[in-house]
Every structure is written in C-alpha cells, then in structure tokens.
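Labels for the chains are A, B, C, D, E, F, G and H, by order of writing; each one numbers its residues from 1.
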Amino acid sequence: MVEISRRILSKENTFLATRATRDVFQAVKKIDKRVQYNEAGRIIFIPNSEQKGQISIVTAGTSDIPVAEEARITAEVMGSRVISIFDVGVAGIHRLLDKRDILEKSRVIVVIAGMDGALPSVVGGLVGKPIIAVPTSVGYGANFSGVAPLLTMLNACASNVVVVNIDNGFGAGYTAHLINIQT
Amino acid sequence: MVEISRRILSKENTFLATRATRDVFQAVKKIDKRVQYNEAGRIIFIPNSEQKGQISIVTAGTSDIPVAEEARITAEVMGSRVISIFDVGVAGIHRLLDKRDILEKSRVIVVIAGMDGALPSVVGGLVGKPIIAVPTSVGYGANFSGVAPLLTMLNACASNVVVVNIDNGFGAGYTAHLINIQT
Amino acid sequence: MVEISRRILSKENTFLATRATRDVFQAVKKIDKRVQYNEAGRIIFIPNSEQKGQISIVTAGTSDIPVAEEARITAEVMGSRVISIFDVGVAGIHRLLDKRDILEKSRVIVVIAGMDGALPSVVGGLVGKPIIAVPTSVGYGANFSGVAPLLTMLNACASNVVVVNIDNGFGAGYTAHLINIQT
Amino acid sequence: MVEISRRILSKENTFLATRATRDVFQAVKKIDKRVQYNEAGRIIFIPNSEQKGQISIVTAGTSDIPVAEEARITAEVMGSRVISIFDVGVAGIHRLLDKRDILEKSRVIVVIAGMDGALPSVVGGLVGKPIIAVPTSVGYGANFSGVAPLLTMLNACASNVVVVNIDNGFGAGYTAHLINIQT
Amino acid sequence: MVEISRRILSKENTFLATRATRDVFQAVKKIDKRVQYNEAGRIIFIPNSEQKGQISIVTAGTSDIPVAEEARITAEVMGSRVISIFDVGVAGIHRLLDKRDILEKSRVIVVIAGMDGALPSVVGGLVGKPIIAVPTSVGYGANFSGVAPLLTMLNACASNVVVVNIDNGFGAGYTAHLINIQT
Amino acid sequence: MVEISRRILSKENTFLATRATRDVFQAVKKIDKRVQYNEAGRIIFIPNSEQKGQISIVTAGTSDIPVAEEARITAEVMGSRVISIFDVGVAGIHRLLDKRDILEKSRVIVVIAGMDGALPSVVGGLVGKPIIAVPTSVGYGANFSGVAPLLTMLNACASNVVVVNIDNGFGAGYTAHLINIQT
Amino acid sequence: MVEISRRILSKENTFLATRATRDVFQAVKKIDKRVQYNEAGRIIFIPNSEQKGQISIVTAGTSDIPVAEEARITAEVMGSRVISIFDVGVAGIHRLLDKRDILEKSRVIVVIAGMDGALPSVVGGLVGKPIIAVPTSVGYGANFSGVAPLLTMLNACASNVVVVNIDNGFGAGYTAHLINIQT
Amino acid sequence: MVEISRRILSKENTFLATRATRDVFQAVKKIDKRVQYNEAGRIIFIPNSEQKGQISIVTAGTSDIPVAEEARITAEVMGSRVISIFDVGVAGIHRLLDKRDILEKSRVIVVIAGMDGALPSVVGGLVGKPIIAVPTSVGYGANFSGVAPLLTMLNACASNVVVVNIDNGFGAGYTAHLINIQT
C-alpha cells in the first residue's frame, strides 16, 4: 500500500487511501507531508480546499460514523462541500425532523444506517432529493452483517433511494460528488 | 373446512375461520346464520359484542389491509376493542405523527408493513407500548416475498418490537388480545 | 386502479401508472383522453412536452427493454430528455464502445441488465458519470430471479455505480430525473 | 461506554448496560457504587427494589442462560418480578410439565431456546399467555448461528408466540415488562 | 409412467408408484387388477399381506397426512406392520403423551411435521427408538416450503433423530422398513 | 464440564463426553481412572467391552476421520461392534467397491463425507441397508461449511439414506447403535 | 422468435434455436425446410453432416434427458460427434463402470445430473478427461430447483470437473465442442 | 503434510502441494532439493521443463493473483505453457482489449475475478475459446466471500464460460491443462 501511495503521490495532487491503518499513514506521511489521517474513517488523504455545492451525510446511529467519515472525506477530497448529521435514527424521529431545512438545501443526501436500515425511506419521503443509501454491518443475529438493512433499502418505499454495497462509504461519497457537481 | 366448521359451530359460540373463500362462507352460512364474512381479510366469524381495552392496528400501505383485517377480526371476535389506522407508511411520516394520541391510548399496537418494513421501528420509537410487528409479502424482487420486512422488524432499533411470521395477521391479533386483556 | 387514476387525473396534470394492463388503460382512457399506453413498459401516462438535460438508458439485452421503457417513460413524464441504447451487453463489448460519445454527454446513465449483470461495471469504467444500475429478473437457474445481477451490481468495481431493486425501472427513472435536473 | 455511563448515571436512577465486560464494570463502579454486574448476562445495572406482576423466563438448556439473565435483569431493573425456570427443553418434556402451575400464574412468558428452538411452541400450547420467544445462537452446522430456532419460532404452531432477534434477551425482557405492567 | 408400470408388473409381485394421479391409476389398473390407489398419498400399489414387526408413523397435523400415507403404504408394501398416529402436534402435548405406550412398542418411529417441525424432538426425548423425521412443506411465509421444519429436525435436541428430504414419505417408509426387519 | 463429569461418573458406568479438549480429559482422568481419550474424535469415554452386532463407519476422505471417530466411540461405548473404512471417496470408486463384502454384513452403515458429499448415494445404491449420512464441514468456498454435502445427502438418489446435522458424529453413532441392537 | 429465425436463416447455414415450442418450429419450418425439431430438447436446428472428434454426454437419470438433448444437438450442429449414455446414476454404479471404455475415448465428457448431482465426481475420478458438469432442476424439497446438484458439482472431489448453470445444456454442448475441436 | 510429501517424492517425479506454508516448504525441501515454493500461490512443486500448447491466465485485479499463481503453477507442473495477464478488470476495459491477440492464440483461457466477477463474460465474448472462470473471495459485504462473482460467472452471457469453485485455482489450472493437451 505504501508503495502504491508513493507512486500516486509523485504524480497526483489528489490522494485518497481507504481502509488504511495508522501504521500505513505514518509511512505515507514520510513520503509526503501533505497527507492527513481520519481515524474513524481509516482514510489517508490530502485535503482539498475547494468545496462546491452541498451534500448531506446522515447516520442513524453513532456506530455508523466510520462509514460516514469514509463518505465525507471522499466527497471533500474530490471537491464537494459536506454537512454531517449524525445519530438521527428512526426510533427518535423528531431528531431527524429538526434537520429538515438543512436536508432540503442539499443537492444529494447520503443516508447511512445499520440494524433495520429504515432511515433512507424516511429521509427520502421528507425531501425530494436523490438519496444514496448505505447499509452498514452494525447489528447482530438476523442482521446477517448488513444484509437486513441492505434489503430494507432496496425495498425503500420512497422512490428516490438508490443503494450501494454494505459499508461502502467510499462509493457513496464518490457518486454523491458526481451528482453534486452536475451543473 | 365446512365440515370442521359444522363441528365447531355445534359446540362453540366463538367462531373464526381464516383464509376462507366466499364459497366456503356461503356453505357455512347455511349451517349457522350468525356467521359473517370479511372480504378483505378472507375470514368467516361470529361477531362478538363485547369490546374491552384498546388495540391499535396500523398499516404502512393499502396493500397491507387484508392482513390488518385478519388481525382486527381475530382480536374483536375474542373480545378486544380495535382501532384501525391505515396507510401511514414512513415515506409520509406526518400522516403517522398525526395519529400519536390514538396510539398512546392503546394497550398494545399491531404494526403491519411490507416492502421495507420500516414502520414498526418508528411507531415503537414514538410510543412506549408493546408493538407486534407483522411483515407482509407486499413487494417484489429483493423483497423475497416478505423476507426483507421480516428482517427489518427483527432488527428494529426500538426495543419494544416483537415479530410474527409473514402475513400472520391471525397470530398478531390473537396475541394482541391476550396482552390487551391483562388486568 | 381505475378509481385511483380518476382521482389523480381530476387534480393533476402529471400522470403515471406503472405495471398496468391494457384493460386498465382502456378504462382510464375513457376518463381522460390525454393518457397514452406504453405496451412494453406496461405504463399509462400523460406525455410531457418539456425535455430537459440528458439521461441515457442502456440495456444489455432485448429482454431488458420492458424495464428500460418503464424507466424512460417515468423520466420523460417528469420532464427529462432520454436517449435509449438497447442490446449492448458485455459479450459483444464493441457495440457498447461505439456509443461512448453519447454516454459522455449524459448527466446520468441508467444501465439495465439481467443474467450476469456485468454491464454497469463496464459503463461505469468508461464514463465518469453517476450510473444507476437496475438488475432485471431475466435469466434462469442460478440467476435466482435477478439476485445474481443484483449482487454483481452491488459489487461493481467501478465506484460510480448505485443500485435499485430488481426490475425497478420506475425508481431508476425517477432518481435519474432528480439527478438530471440538478442545476 | 464508561463515558456514556457516567453521563447517564449523573441524571438517572435507572441504569442498564448490556454486553459489557467486567473491565467496563470496574470502571463504572468507580463512578457510582450502586451498580452491580451480572456475569452470565454481561450486564451492568442498578438493582430496582420494586417488583410488580410476574414474568416467567424459561430456557431449553443451560447454554441459553446468558440470554435469560440479560432478559431477567432488564425486566427487574424496569420494575417487574421475574421467575426463572432453566433447562426444561422439549427432549425431556416432563421437566416442563412439572412447572405448569408457575407458568399459569405469569402475565407473560419469555421462552429462550437454541438448537431446534421447539420449546416456545410447547409452552404456548400449554399456557394461554403471551409468549415472547428468543432464539439463541447455541448450536452448530445447520443451526446457522440461531437461524434454525428463529425460523422454528416464527412458524410456531401455537398462536400466542411472538419473536425477537437471535440472542436479544434485552428486547424480550423490555417488552415483557411493558406487557406485565399493563393494568 | 404407465409404460414403466407395465414393464415392472410383468416381472415383479411388488409394485409401488408414488406421486401418481388417479388417471394414471386407472390406466395401470387396466394392465393389472391387483393394483390399488391411495388417494391421500397419491400412490399406486399392490398390497402385501405380510406384516412384520412394528413401525409407528406419527404426524403433527392433519395436513401432514398425505406424506404419512406415502410412508405407510411404502413400508406396508415392503412387508412391515404400521400403526398410524395422526394430529398429535406439540401445541397440544397431552395428545402425544397419551400415545407413549404404542410408541414404546415400535422398532422405529417415523415422525412427520410441517410448520415448526418440533414434534420429532419431543418424540425422540420420550422414546429411546430410532426416529426418522420428515419435514413437510406445510406452512407459509418464513416456513420457506419446508426449510424451517427441515432445519428444526436437523438440530433436534434428541440424539436419536435422523432426517430425510422435505415431503419424502417414500424414503422414510423405505428406510423404516429396513430398520424394522433387522433381526 | 469437569464438574458435570464428576457428577455422572459417581452414578453411571457409561461415560461419554464429546468435543472435549485434552486438558478436560486430564482433569476428568483424576476423578476416574477408567476414562480414556480419543484424540482425533476429541472424546472422553469409559470403554465398553461388550460389542454386539455390526456397524460400518465409512469416510470419503482422511479429513472426515474426526467425525468418524466421534461416531465410532459413541456406538462402541453403547455396546455396538464397529468396523471403520476410511478414505474410500467417490473420486476413486474402486477402493469402495473392494469393501462391498464388509458393508453387506453390517446392520447399519454410517457414511461420512465433506466436499461434494456424494458417497452415501453410492453406498446406499450398493448395499440394501439403512445408511446414516453425516455431512462434514470439510471444504471451502461454495461448500458453505458443510451445507453443500448436507444438501447432496438430503437429495441422495438411493432411498435408504437418512441424514444428521453437519459434523454430528455423535448423533449418527447413537442412532446407528439403536438400529444395530434391534432384535 | 420466428422473426429472428427468418433473419438468421437468410444469412447463415448454421441454425440453432433453444427452448422453442413445436408451434414456433412449425412456423420456422415454413421459412426454411432444412430445419428439424428435437422434441425432448425443445430445439429447432439445421443438422450438420460433419462430425469430428468425440464428446460423450452422460446423464444420471431419464429425467435429465431434455438437458442432454439440448447439449447434444448444440454440439452436433457445430460439427462434433456425440455419444449419449443415459441413466447411469451413482445409485447403480455398475451401469456406469460398464461404459468406461467409451468414456476413455472421448475428448471431453458432459455429465448431467439432478437430485444429488453426484455423477460428475465419479466420472471425473474414473476418466482423466475434462468433465463439464450440468446440474438439472430435477428434484424437490431441499433440492431447491437445482441448487443442491450445482453445489455438489462445484465441490466435486475430482479435479477435472467444471460447471455450468442449472439446466444449461446449450452452454455445456457449446463449450464441449470448442474443447473437442482443439487440435 | 510433510509425511505425505515424503511418500510421494520417493515414488514420483511430479510434485505439487497447494495451500502450503513456507514452514512446510522448508521441511519438504530437506527431503528433496528439487522442490521450489511459490509464495503468492502458496504452492510447493517440482518445476517441469516441458511446456506444451498455450494457456492464458487472466485476472481482474491484483488481489486475484494468488489464485492465478495456483492455477499457473498447477498447469506448468503438468506440462503446459502458461501466459499470465494480470489486472485487466472490466472497469478499465481497454487494458483487456490490448491483450486480444495473445488471448486469441490460447487453446484455453482461465479468467479469475472477485468483486463483481464480470471479466469472464467479456473475455468469452471477445475470444471464441473455452473459458474457465474462477471466482475469488476478494470483496466485502454483499460479495458474500465470493458468492457474488460465482453467480455472475454461472450466468455469464457468453456461451463458452464454465466455472469452478471459489478460489479453486488448482482445479482451473488442472482442467485447463487437460484441455490444452488435447491433440
């Protein structure tokens, strides 16, 4: 990973390495001082000062934050402005309703949830924006490591919900950026 | 079915036959004039004038009504008072919030949903009552004939949600009655 | 369905009813002459003359066309311009490569495939646009009615692929429109 | 976890933390001397002297006891009286039949079983009370970490059986308490 | 089927054709007058007057009787004595306990159940004989056409339970006969 | 485990503890010198000098031997005579055919196989005896920890094959003994 | 289908249409008299007089013959010589052993089996040739429409077994031809 | 493993041990100096100087290389000439198209891919040769340890694709050799 990083850093100004340990970060940091590390999202990256448009990233619980951070850093490194709204799961629906104004101003919303994965349906019903739903592997038993929220999201009753693989914060952030920069 | 009905009707004052066609009803009606037929729920039953306590039966969509009717007739025949609240799915969350007062007055709430099966989590978060969740086979593709909402409900983030088999309106109505009549 | 249609048509200028038979169409046509019927996509709709932006809808095979038509009519009724590219599956990759220019000009691409569901990965790799992948239930045996292409798409190696439920042309067309009209 | 515990303990008299290690307990004990630890159920809690009504918690085997303890402590902390009946699985049916009197006096019964998960059907047939069935991940091979007993319980031939997620002693205890305190 | 039957009947005195319609029976009857038809079990066979040993065939419900009849006729045609005990499912455990004496006198017991498939565990615990468990496809929803009782039986807590395929009355009757005639 | 062993050993002359480590054996050995340990099968037991009838235990590969040893010791401790035939899998069918005479003399045959699980079908076709098939978790990938051979065995084309849970050597040995001692 | 056939027949001398009804055949026959119909395999084709090399096509049972015919016609139309060996399933292993000489002379062997799918392992062990295994949907219950033999074949203990989709006689015949004509 | 290796090496000139650790290699090296070790493929082998025909081994990503090396060493040890083409996955389709000439000259092509498993369909469409597809367990979430690419490959739209078990480089290399040496 360090070797690939060296090769990219010698040619590019954009850098993003997901699912990286702090040890790898330390090694990459020696190659290029611009890189930073996001502990929760386990990402090494070069920050991007440009921040266009608006993406909201919403999580159901605090355990979903690592995936949210992976999505946020990805979108920011590519040049999108991101607003994070954490821990507004459907079992306490009023916390979500309070954020409606922010959501309405986003061009695209990434909604991240484990367990029952019910949040994207509710957000999609509240706000007529493209919703990228990310199931997480948070849960146990009949959660089947994220299969339960994945199925919930594929069956969302709101029509503006599209889905990515379990824990795929990177893909969600990447596609959200592509949608956000459409002009 | 008609034969079993005849045997029961000759001994009992309570009568309930689920998943029955109108033809069977016509035949049973000839045996005992007290029986009635609920078209949507496909149930033959003798109405019970006694109506104790309060059970709310809530559905996400209109396609879930047959299962709701099976649950309602079951609970009513056993002697419970039932209030039905239909079509308050999570993609239009305000329709549900408007019903909060009624839900708060129930001793137990049956929540019926197909597709993403997200409704019980939201109801369970709103109201601190026992919630009996019933997944329905309404949906297509990755719904897998009700498996998606079943898993959603088993993983509900609200702690007061218990679950019955797909389309099992009878079991939900039966158990709701047992809970409702606890004194 | 006819009754619901009457209610909507009396209030709205936009009309779209999916998974409708020709018989239902005939009945709705009597209520409102503006409605048309798309045979392949099994949709009743009122055409919309406004056509903004550009969505490409791509299918792997000819059997995927019904889902593509559902997506196309949905997006058009909402006001998007749609270009359809059919039968460019991965087993004849040059047919797809020939269409690269059209794809590059789209703001969002809907890619529809059954069997192995491999097409979205290839399109996503060719063109840096948001790709909405729709698995179809075309196939047999270990296809499991669309589960095989659904999994393929959720695991797409291209990072700009998001997925909807099996055969969900409506959701794909709807979300594609939302992305297309971002300005 | 310790930090969250501190915050709760500063405001509340009720305290319950499930799936906690002894190490976490030691740290929380330093914050508030009232907390106790249940080793089998891996729960930190403040005991509640109030004990209303009656819940029976029944297990099929001794390996199911951790889940039973999680359910018992949960219900007791909330203020319910609980009677535990362990190791009365269906392969020795007479051990269960001997307990019928106690079961009859309960307002709600939590039945916990792994392997074949057959016990709730039998208990539900014996006693006309609401039965909350908890599948456990006890078993191997075609048990699939609790899926086998989960399916058994969802298909229980007794009509008064409702189900929670695999190993979800907390949810069972919580909902049992809500049912128990109905008056 | 008729052609194969003719060939066998011209050479053999033992004849058994499972999953046969009444029409096929009528045709085979014309070839050989000795054949009889069992309606419930859908079997054409030549009765065997020899009846050795003792096999008990037990069902949980009345819907399981067709599979039981397939098993019974198979074992009888091969020369075993069979006792049938129907509708003694676990939700009414006393009906089963009343039959303990008969079960104790059997050399092998075939136990047939759909829905939760819990009966073989109970019978196996009651009587120290080889138990052949047959799951049936009786049930709905999370029964998955017999998968639920199949898994229950493979995980039976009694150690003397072996299992055959869903609805495989023939295999159960055949193997039961082989065990019964061991001397 | 040691404590339970002490209790049993103080009352019984038959002793069998499966899935036991050598450490547990050392501790139990101190309580009762009669116990022995089978390393491959991981069983602690008191040998039984009585050896009645004949059971053959057949494995497809050498990796299946631990399950075979669990079955053998179980049957021997109960008083059956056992003959072991290892490594005669279907990919070298002649090794199996050479053993036909021994198989023919058995009252019941336990056939143990992982990977494709094809051996019981072949043995069942060769010898008209009751066959108890045991799938093992030997394999990788689409073996799904023994699900592949389990399904193979449930679908065996030989009619005299019954099945137990994956790796359940104990249940197979136990039931084989019950069949073997029928007189 | 008729229209596509007309287009192909006007340009090509090779013609093959699988999964075709007799009605379609009648229509195509009117377009081009050279076409023939294989009833069992449901294929319309123009026979090819050239027959190179040797492919053996082996089935476990008679119910697998339709898939075998689809494979045979496919390979013959492309120019391969095919020898068919039907009904040599593993439950009667000697029928297969008798055919060893023919199998040894083949350049590639297609082995077709439903139910337990055990035949390819045995054939692969007997003969050191490439084996193309085709699972069929013949079976019931835990066969899951061909999933059981599919898994068996993917886990074949013989190393020379490759697999195609359930009931895919066409793909097996096609690839067998490509292997057969290698020179 | 060392013991079995000693036995084989004393009799054979061909040697191949897959899934072996470096430690085992060191021990085997002491027995016979001819053996070498392939780190990536984890194989111990005696090189074979004979190299007939041509097999191409193609991977989608760099993570698939271990399986590719297992396949390559297997085929080479048996006497085939192998050309390796790595990291030409479908998300960058031109890298693959550049290799078309080499692929056309192969007698058989092994295509190895994890994640979406889409590569074999594309290669099979490009080149009319037998394609052996190997799914790998590279991926996460809805990849299910290689099930996603396995299903993709079984449903490949190209007709010349056959499949082996997940990560089964050995079987692919072995069968590819058998096809390659057909003359």
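Everything below uses one rule, namely that a residue touches a chain if its C-beta (ideal position, glycine included) is under 8 Å from a C-beta of that chain, and two chains touch if they have at least 3 such contacts.
The structure displayed is predicted, hence computed values, not measured ones.
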For subunit E and subunit H, chains touching each: F, G
Reference interface D-F: repeating pair among A-H, C-H or A-C with over half of contacts shared: A-H
Length of the line joining the C-alpha centres of subunit F and subunit H, rounded to whole Å: 36
Separation of subunit A from subunit B, taking each centre as the mean of its C-alpha atoms, in whole Å: 38
Geometric centre distance via CA averages, subunit E-subunit C, whole Å: 51
Touching two or more other chains - residue numbers and ranges from subunit H: 141-143, 147, 150, 154-155, 165
Pairs of chains found to touch, sorted by chain label: A-B, A-C, A-D, A-H, B-C, B-D, B-E, C-G, C-H, D-E, D-F, E-F, E-G, F-G, F-H, G-H
List of subunit D residues in touch with subunit B within their complex: 107-108, 128-132, 150, 154-155, 159-165, 170-172, 174-175, 178-180, 182-183
Subunit F partner contacts - residues on subunit G that touch it in the complex: 60-61, 89-93, 97, 115-118, 121-122, 124-126, 139, 141-144, 147-149, 151-158
Touching residues on subunit B, where the partner in the complex is subunit C: 140-143
Residues of subunit G that touch subunit C when the two form their complex: 135, 137, 145-147, 150, 165-168
